[in-house]
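What follows are several structures.
Two complexes are shown next, each including chain A; its partner changes from chain B in the first to chain C in the second.
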Partner chain A sequence: MNATVTTLIELAAKRFDADASAIRPDHDLFDALGIDSFAAAELLSDVEDKFDVEIPDYELQDIKTFAALADCIDRRR
Partner chain B sequence: MIDWTLENGVYTLSLGHAPCNEIGTGMLAALEGFLDQVDCDRAHTLIIHSSLRGGFCAGADLRELYAGLQGEDPATHRELLRSFLDRIHGVMDRLDMLPLTTVGVIHGICFGGGFELALCCDVLIAEKTARFCFPELRLGIIPGFGGIPRLRREVGNAMIRDLLLTGRSINAKRALAAGLVSQVVPKQEGMRAAKALAAQSGKFDPKARITAKQFIKPLPREELAREKELFVELALRPTLKAALKKFVESDDPRPYLA
Partner chain C sequence: MLDLSRLSCIGVCLRDATVAYKDRVALIEANRHRENARWTYAEYRRDAERFAALLQSRGFAAGDRIALLMQNQARWLISATGAMWSAAVLVPLDYKLTAPEQVSLLAHANPKVLVTDYAIWQRMRRDERAAAVFENIQVFVVGAPENARDTLAPAHAYELPESAEGFTYKESARDDVACIVYSSGTGGTPKGCLLTQKNYLSQAEVLGNLYPMAEGDRYFSVLPTNHAIDFMCGFCLPLMMGGAVVHQMTLRSEYLAATMQRYGITHIALVPRLLKALKEKLEEKLDDLPGWKRAIIDRLIDVNEMATLRGPNHKLSSKLLKPIHDGFGGKLRLIFAGGAFCDRAVSEFFNRLGFPVVIGYGLTEACTVLTLNDLKPFRADSVGAPIEGVELELRDKNAAGIGEVWVRSPTVMKGYLDEPELTEEAIVDGWLRTGDLGTMDAAGHLTLVGRAKNMIVTEGGKNIYPEDIEAVFGDLDDCEESCVFAANYIWPAQTMVGEKLVLVLRLTREQKGEVPEKLLASLRRHNRKLADFKRLSGIVVWSEEFPRTASLKVKRQVLATEIRGALTKDAVQPL
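And now, the complex of A and B:
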């Protein structure tokens, strides 16, 4: 597991009171965190702040998993 | 739905209409009620914020709009849209021009009509969680509550086009860099910052404060009227109704990413 996805899972789990140890990189973000679109916007702000990136929403449309989001973050850094 | 207090010359207007202060006829009437009662001789500042966890305001009440567009008579739809737009523009214009220093405290979602409401304020303080977005093109329309002319009053055309033509959202830090907000504060620190700003504003001579605001913040009347016309023409096409149907019937937790 690369550093980005590890940090991402820890960040998201902490934000939404989930168990980070139960989340794998290939898990679906929305299912694993039990979040709606409002919470997703909150997570996006956290991600942009933590990794100092800016990710347009339209680049997230096909992203389902933590691993895919971590790849997107790394491409934007 | 909304609540307000007046203390030491500071009105605090709290939006509290779950799930996220959607603007329909109820919210519109509540805002009109507030503006009818606000006494500018007894105050120097108005702070607008949301008391809801999810954010400042998610925009127009799309479910109510969809219900209003049922039936087949285009003349009825046009009349309904014009009536609502005339009223909401009245509210936005009155807020925009109030002889008070108006401070918007933004956290979480500030989308569509909510963004347009925020743009009426003189000063925007964004908590780190704030996100700003004009998602209207996803529905086949443009912002209709005065958002485009007011955004143009605040920021450069590159940012306006990016926001409008992609429907993407930006965070508080980006909004600060674009000149859309003037302060970014940590989560839950927005009201403290707004009250400190209000205390400072209250020290100034009222005539000088009001003159400064009127000079620097003219109302873009012609563009506002033009935007309203364009909105109605776009909203009467079947594209909006189809998009609203999809939105209302969707159980997808990510509709804003569609």
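And now, the complex of A and C:
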């Protein structure tokens, strides 16, 4: 697991009160966190602050897993 | 009074505005907590002309198509205006679709030029059809990082020339197609609505006179600009009337509120889902107040409601309920709710606080709106009465007075691009068949009660046509054939909310009517690949062969009738 995805999972679990240890990078982030795309947009703000990147809202359309979001973050750093 | 009856096109109207209001602010673009840039009308004209010069220098001729596929931003409006001044046909596309969907629509629309965002271009170019589709499209990419500019080929970075030298101003005619707007067809048959200059001018004149804008008025563009409502209310109208349009590069709630406060937003359009979320947040805040404060606010809300019974009074409401209004910037006068069914309780809640909500009913095939609710006094129990110029009939009414809505209006489209048969089905003797079911009260107000067509509209304002998502479930093991339906199409229900999609499937003989676990797992896996609002909620097992046309297309209406005759809604197995 790379550092980005580890930090991301911790951040997301904290935000939505989930158990980080039960989440793996290939998990569907909507299912794992029990959220819809509307709530997921809130996660993006945490991600931007933490990783100092700007991610357009619409990028979330194609992202299903934690690994994919981590990849998206890494591409923009 | 806005009189657009003698003008030939939207472009000329916008051009006049850039002269009349040249020193006013036209566009403001914010990005999170900072301001990217702002444009006066004179600067907006200069940049639109520079873009037109760029187009024309690359052989763009009158009647050529230009696709705009980017998130809401000033460049969207500047590029669209420059294109209009080159007598172009605009093809506004949804930046929220997936890349394969976007490529499909581009292949169908076949534009000469595409303006798109960097991230969207990066995704689309990975599509296997990219080489073929983009071979004849000149692509301009907005927002490419400096170090990525060399990697854009065959696209070019969006850069305006130093001056507008070489630009020739061109006007479209009133009957020319102004826009091709896709109402569906991302996976199935693309339905590109051909909307004419006359359609837009007629609509703008009526709406502009109902909701005038003036200097200092600021519209916050939140709904995607390709959407009919934002295109009209967040582009054409404010810029025709001397208001300003504000964009924010992200639409997360924390930035929405900050932007409204910073720029003194007066008008905004929102999908009902966002409006509902705002209501819940506001209610939470009110619930957190100490009892005595809450009692005062409740009393003030009552006073405001009484005082504005006959019509909105922003000056009074914003004083009476100052803390609440200040949360929205203190200047918000009007909320347009559109794109989906708006819950009566939500719009009444905002109206009680002094934010009148405009509820309309419309469809892409008829430009922006056909009916609008009354604000004087406020009514939220229907979608309102037909606006000026719109004739509306309910046909084939049942005993309860429910019939299908048909309309005739100068805003009804010319037809669907390259689809004469679909056009003939949709427009009969000049009347547009909407596929929506409604009733009409004595005051001529329309209430929608359901749909006669196989589609759903999500609370977020997305029209989902089952045909469009069928491809995802096309190749399933243990299954002879399958077909996606809106549940309400099979079992008509009088509802405009909570609509569901179901997959009807015919299993192979070996399965003996039992859905194998393997198939269920596969369906769930396919389902997860879809955006959450497109996911199936259940399956229906059907044992008979699907009725098909000579060209082997499923006869959906016949199949739906057969299922309805044999099964109840309880037959749906949740996924």
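Note that in this section the second predicted complex is superposed on the first by the 75 of 77 C-alpha atoms of A that agree within 3 Å, B and C clash if a C-alpha of one lies under 4 Å from a C-alpha of the other, contacts with A are read in each partner's own complex, and residues count from 1 in each chain.
What we mean here is this: a residue touches a chain if its C-beta (ideal position, glycine included) is under 8 Å from a C-beta of that chain, and two chains touch if they have at least 3 such contacts.
Worth saying up front: this structure is predicted, and the values here are computed from it rather than measured.
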Figure out whether A:45 sits in contact with chain B (first) or chain C (second), or with both, or with neither. both
Mind working out whether A:28 is in touch with chain B, chain C, both or neither, as first, second, both or neither? second
Both partners, chain B and chain C, contact chain A at residues 30, 36-38, 41-42, 44-45, 54, 56-58, 61
Which of the residues in chain A come into contact with chain B in the complex? 30, 35-38, 40-42, 44-45, 48-49, 54, 56-58, 60-61
Touching residues of chain A toward chain C in the complex: what are they? 28, 30-31, 36-38, 41-42, 44-45, 54, 56-59, 61-62, 64
Can you check the complex and tell me which residues of chain B touch chain A? 19-20, 54-55, 58, 108-109, 128-131, 133, 166-174, 253-258
Complex contact set, residues of chain C against chain A: 31-32, 71, 95-99, 117, 119-120, 123, 249-254, 273, 277, 460, 528-529, 531-533
